[in-house]
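Pasting the structures in now, so scroll down.
You will see chain A twice below: alongside chain B first, and alongside chain C after that.
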Partner chain A sequence: MEIIEKIKTYKSIDNQTEIQKICLDKLQSSPLPNLRSEQWRLSNKSKLSNCLDYSVYGNNSKFDMPFPENSQSTIRLIIGENCQIKLIDKNYSIQQLREDELLKYIKEQISFFNQNDNWSDLLNLSLSCKNNILGLKINGSKIPPIEIFSHASSNSLNAKTLIIFCEKNCNVELLQVNLGEDNSSLSQSTFFCLEENSSLNHGVVSYGLNKSNLLNSLNVIQQKNSEYNLGSLHFKFNYARFEIRIKQSEGNARTNIKGMQITKKDEQISTYTKIDFDGPNGFLDQINKSLADDKSHAIFEGSIIVPKIAQKTDASQLSRNLLLSNLAQIDTKPQLEIIADDVKCKHGATISQLNEEELFYMRTRGITLKEASKLQLSSYFQEIISFIPVSKDRWDLLDKLLNEN
Partner chain B sequence: MQSKMKESDPILEIKNLSASTDNLPILKGVSLSVYPGEIHAIMGRNGCGKSTLSKIIAGHPSYNITNGDIKFLGENINSLEPEERSQSGIFLGFQYPIEIPGVSNLEFLRVSTNARRKFLNKEELDTFDFEELVKEKLEIVKMDQAFLSRSVNQGFSGGEKKRNEILQMALLEPKIAILDETDSGLDIDALRIVASGIKRISNAQTGIILITHYQRLLDEIKPNYVHVMSDGQIIKTGESDLALELEKKGYEWTDNFIKET
Partner chain C sequence: MVNENLVKDVVKEPYKYGFVTDIETEKIEKGLNEDVIKLISQKKEEPQFLLDFRLKAFKKWQKMKEPDWAALGYKKIDYQDIIYYSAPKQKEKISSLDEVDPKLLETFDKLGIPLTEQKKLTNVAVDAVFDSVSIATTFREELAEHGVIFCSISEAVKNHADLIEKYLGTVVPASDNYFAALNSAVFSDGSFVYIPKGVRCPMDLSSYFRINSGDSGQFERTLIIAEESSSVSYLEGCTAPMFDTNTLHAAVVELIALDDASIKYSTVQNWYAGDEEGIGGIFNFVTKRGKCLGKRSKISWSQVETGSAITWKYPSCLLLGEESVGEFYSVALTNNLQQADTGTKMIHIGPKTKSTIVSKGISAGNSKNSYRGLVKMGTKATGSRNYSQCDSMLIGDQASANTFPYIKSQQPNSEIEHEASTCRISEDQLFYLQSRGIEFEEAVSMMVSGFCRDVFNQLPMEFAAEADKLLALKLEGSVG
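Right after this comes the complex of A and B.
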């Protein structure tokens, strides 16, 4: 209940927006997620409690941008700082959603929320003030790459919300970067709606510093003939959850997901995915990789839901995991729920250690054990990282961060 | 049985070597000396310990030396790490070269070549200089440059993998190369390319140990000595005609030899 009180203290009832009021009402009936539910049972309770322990903070402090200045061809937006945008070109337009459009969309989303599945979103929308909600509608082609940053300041719990409509026939490349300072918690909720024939190449790179926490929720609705590609990387968080919910609302859509989480020390990072096929001929190719070292804990739980209407669905979900220490822990559970009878669905999970024979081979070529392990790990990352839309100049930084890690 | 001693010092000198893995003895007192310019062939049935011997010389961490010494250029290397052995000039050509997805072949070759060059106090090569060197060496094994941009051994055919091993040997310029069944899985043309590559790389200062089952490699590269291994021991050593005799009589003949001795 503490978190509710905290939100109320932060925002008196008169200052709350309609959305905040609705979400707070819902949260009040379940101030914490049911920790026995599948989605939350492996969550480290004390870390979750610590994550919610910081003061709620709506203002945004300045932070050091980790990536070099964006080139002219990239559109950079920082949620909470420069959310005013209206770009109209002969090929495309990027405009902010009107307040009434935002309200209508969020209300509609909330009506579908399930208390356990969407607890992170309820918390986010209870906390997120107007300035920290960025809503965009994008249409057209030849759209420059977009970068969107969310940031949590030290000793505070910040909430940022992103809502994007990709209108019919548009192709978008979007990199979302979530940054946490020392002792901070970031609640990030993202909502995408991909209209017919649109495609979105989406990268999510989230990393923190000492004792950073993250509740990252991603909701995607795909209309027919749309394509959604997600490459994600989460690392350096004391506690982080990445929740992905994708609905192919009419089937006939394509989804590709390549995600990775890296845990060290006593960190816990988890990924939960739920892919709903609500129509025929849907396609999914998903791979999630975890790498756990020291005493850390990595979790993956994925579910693919194929109801009777989703005939001819072609879905694959693979969880690959690497344990680097005897004390590290990995939990993985890819699941299929299939009612339709004419589908091609597969899932699998592997947990292994660094390949001794590969290491020996490299060492017989003069490469030290340390270098050989590094090469092997970078090859393990490669498949995922190459799927994240990041330009070369930002690559170097990502490389450096991964090596530090 | 030991190869004939010469006045010069051996490159590699193995004395009464016994080794085990998971407490299971594999090598049971192997002795072998390789002098500069010599080519030795080791033959024997599957499971007789040939590949284990090669891995132990290269420093595989899964095997324990329980007795005996391996000396390389006069120094005992029993406790050296595999990378230290490689840097100092020991090369193991793998029977089944390992695929390393995601690691570019070019970068892998450059890092390993520079590790050896550093040991030899030679200047390390940047990407551009290395590309020049590697192009020159590719010609030895008749490999296409396209192999360089692929991941190490990934998607290579059996023959391409073996040629990639010889390319590595050419780049590392080892003092001694142990080639474990380099001829297996090669068609006649590929065998000739690989054999001619080995001959071009070896010289009067280097030594070669060929581990093989077949005479056809030895037709291309004539060994000075042939050793027959059985049950973790070298049971017979002779000159190149021993391989021909073995081809004719089969390993049953060596069984008789064990019984007699």
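Right after this comes the complex of A and C.
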């Protein structure tokens, strides 16, 4: 109940937006998710409660973390700071959603919420004030790449919400960056609606500093003939959860996901994905990689749901994991629930360490063990990093992963 | 190309083991309380330690909740509406098979398990369990020559109490889960096998379980101990009559393999599955677990699950001994409204342990078939390996196939590989076979049999042939 009390004390009922009222009301019936449920049972309880322990008093400090210079061809937005945007070009337009559009959409989403699945979203929407919700409507073609930043300030729990409608026939490249400062918690909820024939190349890069926490949730609805590509990378969080829910609402859509999480020290990072095929001819190709070192814990749970209507679905899910220390642990659970008979579904999972034979081979060529390990790791990382769109080169993610820790 | 009507016609293939044997039985009142447990124990003239074991389990059971995590939906079981002890009335002591009620012998004859001397299956010793009691065990003398003990668990309690006291409940503790606790409290019979050091059991051992009464549950318990460097192959078969009520079957099987010992446990489960509307059928809640205690020990589970309205079964291996090996080969077939949630657990505790899981699920009709498995590498399981493969085949667009593999590793120097796929019997393949002059039904059966080959290859010969036939029979015409 504590978290609700905190929100209420911070915002009296008169100052709450309609969305906040609805979500708070829903949260009241279950202030915390059911920690024995499948989605939450592996979550480290003390880390979760620590994550919620920060002040919600919107200590929204200016965003001053180091990040690459903006290139001229990229549109850069920081949620909570410069959310006023209206770009109209002859080929495309990017506009803010009107308040009534936002309200209607969120209300509709909330009606489908399930307390355990969407607890992170409920918390996010209860916390998010008007300034921290960015809603965009994008249409057209030749749209410049977009970068959207969210961050949490030290010693506070900040919530940022992003809602994007990709209208018919548009192609968007979007990189979302979530940054956590020292001792902070960021609650980031993202909602995408991809209309017919639209495509979105989406990158999510999340990293923190000391004791940063992240509750990151991503909800995507794909209409027919849409394509959604996601490349994601999460690292350096004391506790992070990345929830991905994708619904191919009419089938005939394509989804590609390549995600990675890297845990060190005593961190815990988990990825939960749920892909619903609500129509025929859906396609999914998903790979999730984890690397766990020191005393850390990496978790992946993925579920693919193929009901009767989703004939001719072609879905594959692969979970590849590297366990590098005796004290680290990895949990993985790729799962399939299938009712349609004319489908091709497969999943796979592996847990191992760096390939000894390959290491040996490299060492016989005079490469040191450290260098050889780095080489192996870089090829392991590269598959995911190369899938993250927009500024991936300027961000030099590989160098960050290999050399910073 | 695929003939829908043909499907419906053949699905109606009756369950041929559904007859009831009209025999006078001794039953105790419905319901479960301490007095019932004491009465069961008293009827079986058990020593005090076993009564204590039962009562302790009962106390634990009362505090436990029925598990609801499995992907199964069934109506609530009223545990007070079950008869916990039902035995055919017969003379006090039976010295030879000739004294067994001929009706019972006839029953097992009809089931294809002849017990009489002249018809005994060659080279397979059988322990036949009818409702709550074991009625006969064949080839006992021959086995005794090799020092192998094969008898009903009630007899073992009387004659080998030390072994029972030492091992009972060590693999599946009474408080392990709801159904194991219930079984520990009320188990009535089952089989006991002891293979002494260095003995390779000269023939396959087998238990045949038959439920005859509609209102009594069957709670059998099997305990197999393989001493150092011994080996045994054990087969288990089950059938039940057709009733329109659900009957509860909650069994516990415990296997213990010491250094260099190997146990192969094969099951063909064909309990009555209920009719097309899902009325009747056995609720099968079974806890099977083997402990590879010794170095280089090996436990191999192979199962063909075709019956039961509800199946809840996860034969598991605890791999403690260095270089011990666990195997699980399973074919689970569900049709009509059957529901199966089955799989295995491979818990790697010792170093250099290895496990293999091959699971084939076939779902037809409106059925639900789930694979649920756990592979865990503990911190000391260095150099361990696991390989899992779970394939599902869907027949018809009303059936569901789910896969829930839980994988957990705490040991970097170990490897886990898991793969799963889902497929159907494609019309192209059927067309190809039919164009070669193979009948539709036979083509389906060939493809199913090919799909299951990895598992059938692991079954003892007598079983493999039976399983193949059983599958073909159960599936005939369900392709649509």
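In this text, the second predicted complex is superposed on the first by the 393 of 405 C-alpha atoms of A that agree within 3 Å, B and C clash if a C-alpha of one lies under 4 Å from a C-alpha of the other, contacts with A are read in each partner's own complex, and residues count from 1 in each chain.
One rule holds for everything that comes next: a contact is a pair of C-beta atoms (placed from the backbone, for glycine too) under 8 Å apart; a residue touches a chain by one contact, two chains touch by 3 or more.
Every value quoted in this text rests on a predicted model; they were computed, and no experiment measured them.
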| item | value |
| --- | --- |
| Most chain A residues touched (candidates chain B, chain C) | C |
| Partner chain in contact with A:Val343 - chain B first, chain C second, else both or neither | second |
| Contacts of A:Gln376 with chain B and chain C, given as first, second, both or neither | first |
| First (chain B), second (chain C), both or neither touched by A:Asn326 | second |
| Partner chain in contact with A:Pro334 - chain B first, chain C second, else both or neither | second |
| Which of chain B and chain C A:Thr368 touches, first, second, both or neither | first |
| Chain B versus chain C as contact partner of A:Gln311, first or second or both or neither | second |
| Partner chain(s) touched by A:Asn114 [first = chain B, second = chain C, both, neither] | neither |
| Which of chain B and chain C A:Glu358 touches, first, second, both or neither | first |
| Overlapping contact positions on chain A, where the chain C interface meets the chain B interface | none |
| Residue numbers on chain C that touch chain A, as the complex places them | 377, 379, 392, 394-424 |
| Touching residues (chain side chain A, partner chain B) in the complex | 356-358, 360-369, 371-372, 375-376, 378-383 |
| Touching residues (chain side chain B, partner chain A) in the complex | 58-62, 81-83, 85-87, 91-92, 94, 97-98, 100-103, 108, 111-112, 115-116, 119, 151, 168, 172 |
| Complex contact set, residues of chain A against chain C | 308, 311, 321, 323-326, 328-353 |
